[in-house]
Amino acid sequence: MELLSLLTPGPTGWGDELLIGLSMTLGLALATFPVSIMLSFLIHWARSSRRRPLRYLAQMHVSIFKSLPEILTLLIIYYQSQVVISWVADYAGLDSTLSISPFLAGLIALSLVISAYGSEVVRGALQAIGKGQVEAAQALGLSRFHCFWKVVLPQFWRHALPGLGNLWVILLKDTSLVSVIALSDLTHVAALAINTTREPFFFYLVIAAIYISLVIFSSWIQKRLERRAARGFVAGGRAHA
Amino acid sequence: MLDLWFDYKDLWLSGLKVTASLTLLAILLGFVLALPIGVARARNRGLSGVLAYGYVIFFRGMPLLVLLFLVYYGAGEFSRDLRSLGLWWFFRDAYYCGLLALVLNTAAYQAEIIRGSLNGIPSSIREANAALNLTRWTAFRRVLFPIAIARALPGLGNEFILLLKATSLLAIITIFDLMGQARFIFSETFDLRAYYVAALHYLVLVLVLEWLLRRIERRNAWAA
Amino acid sequence: PAAAETLRIGTEGAYAPFNFVTEDGSLKGFDVDIGNALCMQMQVECEWSTHEWGGIIPALNAKKFDVMVASMAITEKRQEKVRFSSPYYFNAMRFAALKELELDTATPASLEGMVIGTQSGSVAVTVLQEYFPENEIKLYPKLGEALLDMESGRLDLVLESKFSIGDWMADGTDCCAFVGEDFLMDGTIGAGIAMRLEDEKLQTRIDDALAAIIANGTYDDIRAKYFGFDIRSQPRMVSDLFEG
Amino acid sequence: MADTRAISIQALNKYYGSFHALKNVTLTVEKGERIVICGPSGSGKSTLIRCINGLEDHQSGSLTVDGVTLSDEAAVLRQVRARAGMVFQHFNLYPHLSVLDNCTLSPTCTLRLDKATARRQAMELLSRVGMVDHAGKFPSQLSGGQQQRAAIARSLCMMPDIMLFDEPTSALDPESIGEVLDVMTDLARDGMTMVCVTHEMGFARKAADRIVFMDAGQILEINTPEAFFATPETDRARTFINQVIGH
Amino acid sequence: MADTRAISIQALNKYYGSFHALKNVTLTVEKGERIVICGPSGSGKSTLIRCINGLEDHQSGSLTVDGVTLSDEAAVLRQVRARAGMVFQHFNLYPHLSVLDNCTLSPTCTLRLDKATARRQAMELLSRVGMVDHAGKFPSQLSGGQQQRAAIARSLCMMPDIMLFDEPTSALDPESIGEVLDVMTDLARDGMTMVCVTHEMGFARKAADRIVFMDAGQILEINTPEAFFATPETDRARTFINQVIGH
């Protein structure tokens, strides 16, 4: 009971700070996700491109960001990008107070990491659709645009949803890492709270519970989306082809 | 960058050792814990099924960073009780706490991979087991388990790489692994290259791990 | 009047009583009050931000903010990276130890075999490396975490700012007590306000403002809010203590 | 007790949920007899043959295999399955074991044969299906026809009295179909009791003693091959025959 | 310019990497002619038929479809594909679209028919293959035979002059095979130019004008059905015929 009073909102408790932290966490994840998906497509496209340098570059992106610990990527992006921006700003004689916020650094770093995995989700989903679908479209004379838009993409979501759902959960949890560059996300707020209250177990348990709820909620949404995307695919008795 | 490595050669090497040992131990202990949980998940019956499900939800749902803090500082808060239980020697040590968090975390993921590959074994194999009159134990030991592990290998391999990367978080609870050394060297020199040197180490470690995993996978000639 | 100039001040926010975040989410502490007083004196707007201690110097140089009021001790090494104002107080270090150890001195000999913690990136790290090379040293991202670990018994001692430790001990726990004298690291001139190397003019302005608030008594008023004693007289040097 | 019946099925009913998959099926198979079951897709052929060795349970009626009446007790199931070997449409070989190990696994684990005996016997049966040369290979290294022949050998290694086949050739290409049917014809000639679900009417004509025609979960007709093909009793069977051998 | 040739293939060579899949294949198909291609597995039948509408490129030789000579230009490919419809072994229906939408997608997008016209035409062709009742269903709700008939209707909706079939019945059960062959026989009777890869020798006998026998990437024999079945010229063809219709 005593502990719970620490969670009340307002000036005497940490409830409101935690809420702000939660919104920061969610905001970061929500902003990063679409960027990651677009980047994933781009990387997949580059990886299957006919141009060798493009292919190598994309392959390198995937290998590097799948190998580096996220926290290291984050720190490097955070510090290095600032240095780069300062150089550029100095060189171009621009306002030298341009700066990269922890939020933006987090967004960039997490997008890089998630898209490395995302490009494989894209590839897997496109493969699952099968060559036959594209061949049928070709044989029917559909243009590449129509083939992608009307045949591939509608089926893409169905195959990609499980993978994308996974990535979303990974992303959600990885946002906790931005606490180390002092973005006031959930985990960072908890650390500050513990600094004054000296109740680490309680606060980390609260944070854990919040994350677990978020993850459970996400998979619930994911299931619903999957069911929607599966309309028409569900075998009404027989599953041929 | 080479100079930064040689200037702090001993630190980097000891960090490398800590990272490698933590990863290997966590992989092994995690697998041992994951096996029964994964089997219970695949059976999905009775109390064991519920417990396994709860375990997986709990430890996959929370960020490792939070789990790490929870185990380390949480245990610190209960040091008196842990002392009277005779467990303090374990929780006192950041290395053990970190290892425990890693094992709890990776076991949840490995269990799901094992469950997936067990469930993914086509029913035709189970039918063959029945038609050939194999007992449940023989069927599990000689057929389902080897097939499941072989099918799980790629997934487990991925998880091992993720685990290797995850050890970097342990620096936050005072462990001088690669990342811990990098942070230390950075705080000494304010030289960003410290992180790049660490990154190179991780790249090499992942390459080595991938190579090892590929060698193991290649031993399954039959899966081709 | 034209829009007031804003001064972007960075601090850590996890170093009570100098700078910390309270449960209502606001930034408080001695550093914060001093910073605000300086702004008032210089007739500029203050804009505060918090940063992780380990990356605070790079953050300053990366222009995430312009002035750091974060109780940073002035050292030679740091002066290669940033420019410091004249010291605004002397942040002496002091060992705190578990009471159950019943220590009465803190020398390399008396601390043999003990585990000492401190905040990573602080001057205490250098002291420990130099004078206590045989001891196991653990580094924490935040001081609070080191102190928690001492309370739980994972650490035997913590070496850090006597003010910060004192503030923490005053706040309820009686696990630990100070041992030995307080001291400064050799070459430290006290805690300074930091800015980028190229901002020479800014340093003059800050130094002038600092002198002004000391002269007009604002400084002492703020000091009295947090400490019941003088914090601007210089303690002994560490070499004095352990080598002399 | 000189029972000459290998299999006796009495008024068997089987439901999948509310779907009535087998309706009052009654059938007796004598020892040494070769039965071919045919019928349109979904008529319950697989269901029937899987009931016979207890891969599916049934809801009413009785089923006796070699004098053992099926129930869902584990011991009874093992007795029945020891007597009736099964060959599946998709071979269901163990992918992680070589052909030889596929053949010796159950004999060593279940019949408790020693390794050497089991191997000797397996090699004999593998030579019978023309697979000795492939004994060391993994199933994935074999063609479909070879896999199916290995699966037949694996079943034979358990020394069954009865062999059940569920469309053993329908996943194969024309050339492989020939190989497998040859092996099956050979078995039939040796007097093995066989129940085969198959659409291979050439095989049925050549090897079957009786043909059982099923539709919609019922047995519509039981007849000798000659009679069945020449003068099918039901319209349904006539249509079916035309469709299967018409083109 | 009154060319009577629908397809003319001259000395066609096709490689997969270093594997020589088609070796100097030469074949002419007259307008209105029905050709059946057969041959053992891996002989290059699919490769040949896929080359004809440019799903595979070729390395040398020439290929002319309805007067258009194939190249890898997109415009040429579209012309050829507008003239030659293709039916696949695995139907390749769009799983996310109803049967009707499967049939109208390309006509509306490619031929720029308006929706109503496209639907009217699709319903007509669906009725021709006996699928009007299933127009609103998704492919997954249909049997294999129904799916294949829908796929044939989908191809016909593009108003092709030539229809190519790649083993359209080999993924089907016997009854479905009948359904689909009936539709194909019907098409043949109506004078559609057809090239079919199939093992259905009954259909070949009944509907084909000529049979092309391939082995190892080469055409070994081109003959009328009567001559092909009665007196095959090559040993390879004789073995093949025995295997496919022997049992």
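Per-chain numbering from 1; labels A, B, C, D and E assigned in written order.
Going forward, a residue touches a chain if its C-beta (ideal position, glycine included) is under 8 Å from a C-beta of that chain, and two chains touch if they have at least 3 such contacts.
Here the structure is a predicted model, which means the values were calculated and not measured.
> What shortest step count links chain A and chain D in the network of chain contacts?
Minimum number of steps from chain A to chain D: 2.
> Common contacts of chain C and chain E?
Expected: A.
> With contacts defined as at the top, give the pair, B-C or A-E, that has more of them.
Looking at contacts between chains, A-E has the larger number.
> Go ahead and align chain D to its copy chain E using Cα positions, then give the rotation in degrees, nearest 5.
Rotation angle, to the nearest 5: 175 degrees.
> Would you kindly tell me how far, in whole Å, the mean C-alpha position of chain B lies from that of chain A?
Each chain reduced to its C-alpha mean, chain A and chain B end up 22 Å apart.
> Where the CA atoms of chain D average out and where those of chain E average out, how many Å apart are those spots?
36
> Could you state the distance in Å from the CA-based centre of chain B to that of chain E?
About 53 Å separates the centre of chain B from that of chain E.
> Need the CA-centroid distance for the pair chain B / chain D, whole Å please.
Chain B and chain D have C-alpha centres separated by 47 Å.
> Residues of chain C that touch two or more other chains: which are they?
Counting only residues that touch two or more other chains, chain C contributes 58, 141, 148, 151.
> Please set out, as single numbers or ranges, the residues of chain E touching at least two other chains.
Within chain E, the residues that touch at least two other chains are 143.
> Could you say which residues in chain A touch two or more other chains, in rising order?
Correct list: 75, 79, 83, 180, 191, 194, 200.
> Let me know each pair of chains that touch one another.
The list of touching pairs comes to A-B, A-C, A-E, B-C, B-D, D-E.
> Could you pull out which chain A residues touch chain E in their complex?
130, 132-133, 135-143, 146, 150-151, 154-155, 158, 232-241
> How about chain D: which of its residues touch chain B in the complex?
Against chain B, the touching part of chain D is residues 53-55, 77-78, 81-82, 85-86, 88, 90, 92-97, 105-106, 109-110, 138-141, 154-155, 158.
> Help me check something: in the complex, which residues belonging to chain A touch chain C?
For this pair, the touching residues of chain A are 6, 10-14, 16-17, 20, 75, 78-79, 82-83, 85-86, 96-100, 180-182, 191-198, 200.
> Would you pull the chain C residues touching chain B in the complex into a rising list?
Residues 54, 57-58, 81, 117, 120-121, 125, 138-141, 145, 148-149, 151-154 of chain C touch chain B in their complex.
> Contact residues on chain B for chain D in the complex?
Residues 124-125, 127-128, 130-135, 138, 142-143, 146-147, 150, 220-224 of chain B touch chain D in their complex.
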